[in-house]
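Common to both upcoming complexes is chain A, partnered first by chain B, then by chain C.
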Partner chain A sequence: MVHVVVGATNPNCRGLLAAMFRQRYDVFIKEKGWKLKSYNGLEFDQYDTPDTIYLMDFDRNDDIVASMRMNRTDGPYMLADIFGEVCEGPIPRGVDVWELTRGALSKSMRKSGYWGRMQCAMLESALLWGAKKATGFFTVDHIMKQMRVGLDIKPLGPPKIVDGEANIAAEFPFNSQTLERLRLSYGIDGPVIEQIHVMPQQTKAAA
Partner chain B sequence: MRRTEPPYDEAWAIARIHEVWEWAVAQNRHFVAYLLGMAILAFDLDDGNGKFKPAKSKPAGAPAPQGSKHK
Partner chain C sequence: MSEIPFALVQAFSETCLKAIKPGDITRPLTKLLDDVGITSWYAGSLVHESELDRGFGFFGMPEGWRERYAEARHCDADPVFRHVLMNGSPSLWSECRERAASSGASKRSLSVFDEAAEFGLENGFVMQTPGFGGVPGAVTFGGTEPDLSTKAQLSLRLVGAFAYEGLRRLVEGFKPVPPSLSKRELEVLRWSAEGKTAWEIGTILTIGERTVRTYQDHIKVKYRVPTIIQAAVRAALDGTLAFAQTSTRYI
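And now, the complex of A and B:
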C-alpha cells in the first residue's frame, strides 16, 4: 500500500524519506545519468520542501519500489523556474495546481502494477487536498502511456529534447472520473493509500 | 502554362503542422497533438541539434566486405 508523506524534513519519517532520496539517486543519477546534485548517495534539491507531498510504495520486504513528488505551484516550482520556455501559453500556477516530478520506479519493477497504484494514490491525494489540476514536464513516451490508461493530458507546448529524450510540458485535471478510469484500467478495486504522515505542526493544528 | 516551384520549405511545413497542432490542442485531440508535436520535433532532429542523418542504403548486389576487422 502507498504511504503519503508531507514534508521533506518530516521528523517522523526520516527512514522513509532517506529510502526515497536513495531510490531517486539510483534511478535518476545512476541509471538515467541525469546531471543532478547528490549528497552521500541521496538525491534531493530545492523543490524538496516542508510543504512537498510524497508518495511512496513498498514491496513485501519493505523496500521502496516507487515514489513521486508533488508540489503546489503558487511558489517557485520546476516547470516555471527551469523549463518555462517550453510552454506556449501561460504557465499553470495556483494553490490547487500541483506539479508532479521525480516519478521513480525501481528498475526491476517496470512491468509490475506498482505504477498504477502510484497513479491512483496521486489522484486520491489530490482529491483529499482539494487540488484541481496537475502539471509537469514529462517524457512524451510516458505521457502517451498514461493517456492510454485514462489520463486526459493536454500538451502545453511542442516537445523538446532534454537529456536525449523527447519531453513535453503538460497538464491534466484531478477529478473522480479520472480516478475511476485509472482504477478500471489497472484493476484496482478501492483506495490504495494506507497511511498519511503529516508534519507534526499540522497534526497539532488539526487537533 | 508556366510551371513554378511549389512554395514549400521547412519553415512553411513547420508552420502548417503547428497550426494543426494548435487546432488539436483546442479540440482536446490530445493524442493527435502529441504526434504532431513529435513531427515538429522531427524537423529539429533531422537537421538541427539532433543532426540526424539516415544511413545510406546499400545498393542491391553490393559485394560483402572483405577480410576481418580483427586482423
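And now, the complex of A and C:
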C-alpha cells in the first residue's frame, strides 16, 4: 500500500525519506544519467521542502518500488523556474495546482502495475487536500500513456527536445471522474493510500 | 509549408478529448493537416484492415490508396508498418525506406513506397501509440511535400497522440490496460495457454526450460496472478492472447 509523507524533513519518516532519496539517485542519476546534485547516494534538491508531499509504494519485502513528488505552485516550482519558456501562455500557479516531479519506478518493477497504484494515490491525495489540477513537464510518450489510462491532458506549449526526448509542459484536472478511470484502467478496486504521515507541527495545528 | 501553430494543436487536443462522435475529430484533423500539406492519415490498430474488428482504424487517405493498400496486403511487407510494429520510435517514411534498403528488403517491400508516390504520398511520418485491446496502434501522416522538419514532426506527434486517443476513447472507452509483454513473453504466453509444459515450450522456442520459467514468472508479475494459466485467462480477456496467437507473421 502507498504511504503519503508530508515534508522532506519530516522527523517521523527519516527512514522512508532516505529510502526514497536513494531510489531517486538510483533511477535518475545512475540509470537515466541525469545531471543532478546528490549527497552520499541520495538525490534531493531545493524543491524538496517541508511542504512537499511524497507518495511511496513498497513491495512485500518493504523495499521501495515507486515514488513521486508533489508541490504546490504558489511558490517557487520547477516548471516555472527552469522550464518556464516551454509554456505558450500563462504558467499554472496556485495553492490548488500541484506540480508532479521525480516520478520514479524501480527498474525491476516497470510494467508491473505499481505505477497505477501511484497514480491512484496521487488522485486520492489531491482529492483529500482539495487540489484541482496537476502540472508538470512530461515526455510525449508518457502523456500518451497517461491519456490512455484516463487523464485529460492539456498541452501548455509546443514539444521541446530535452535529453533526446520530446517533452511538453502540460496540465490535467484532479477530479473523481479521473480517479474512477484510473482505477478501471489499472484494475484497482478501492483506495490505495494506507497511511498519511503529516509533519508534527501540522498535526499540532490541526488539533 | 510550415508546421501547425501550437494554438491550433492545443485547440485540437481539447476537441479530441471532448468529442462525442468520430467526425468531431476526423474533420478538424483533415483540415488541420491539409493546411500543412499532409493529404493522407491513418489512426488506429496495427493490423490488416480485414482484422480491424480486433481493434479500430480511421482513415483519411487519398481515393484508391486505402483500397490498394488493403487489397495488396501491403501491411505484410510495408517497411513503415514493420518499423512501427517492431521498433516503436517515431520515424519518417524516408528513414524506414533507407533502413529497409540497406538491410536487403525485398523488391515488394520497397515497391510500397513507389506505389504510395503514385497517390501523391512522397514522404510522411509514423508514430506508435498505446495499443487497443492488446493490439499495438499507430498514427501515420503523408503527403507530396509535407514539412517534416524536427519542429513539424514534434507538432505532428502531439496531433497524432490526441487524435488517436480521442478516437480510441470513442470506440473503446476505459477498460483495464493490458500489461506490455515482450516478444518472447508473448510467445511463452501463447504456448502456455495451449497447455505446453516449460520443457515443451523451451524445445519449441529453442531456449532452456529455466528461461521459459523466468519468462512465465515475469508474465505472472505483470498480470499480478499466482499461476501462468490465470495470466493466460487474463490475457484472453484483454485481447493480448489473441494478438500473441496471430502476431507471429508480424513479429
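In this section, the second predicted complex is superposed on the first by the 207 of 207 C-alpha atoms of A that agree within 3 Å, B and C clash if a C-alpha of one lies under 4 Å from a C-alpha of the other, contacts with A are read in each partner's own complex, and residues count from 1 in each chain.
Note that in this section a contact is a pair of C-beta atoms (placed from the backbone, for glycine too) under 8 Å apart; a residue touches a chain by one contact, two chains touch by 3 or more.
The model shown is predicted, which means the values in this text are computed figures rather than measured ones.
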| item | value |
| --- | --- |
| Side-by-side fit of chain B and chain C on chain A, or clash | clash |
| Partner chain(s) touched by A:V27 [first = chain B, second = chain C, both, neither] | neither |
| Contacts of A:S185 with chain B and chain C, given as first, second, both or neither | second |
| Per-residue touch tally on chain A - higher for chain B or for chain C | C |
| Touched partner set for A:V86, first chain B, second chain C, both or neither | neither |
| Which superposed partner A:P155 touches (first chain B, second chain C, both, neither) | both |
| Partner chain(s) touched by A:C120 [first = chain B, second = chain C, both, neither] | neither |
| Part of chain C, among the options 45-53, 117-125, 153-161 or 243-251, whose backbone runs into chain B after overlay | 153-161 |
| Residues of chain A at both interfaces, chain B in one complex, chain C in the other | 140, 143-144, 147, 152-155, 157-161, 166, 168 |
| Residue ranges of chain B in contact with chain A within the complex | 18, 21, 25, 28, 30-31, 33-34, 37-38, 40-41, 44-45, 49-50 |
| Partner chain C, residues of chain A touching it in the complex | 88, 111-113, 116, 140, 143-145, 147-150, 152-161, 166, 168, 181, 184-187 |
| Chain C - residues contacting chain A, complex | 6-7, 9-10, 13-14, 17, 129-130, 150-151, 154-155, 157-158, 161-162, 164-165, 168, 174-177, 179-180, 221-222, 224 |
| Residue ranges of chain A in contact with chain B within the complex | 140, 143-144, 147, 152-155, 157-161, 166, 168 |
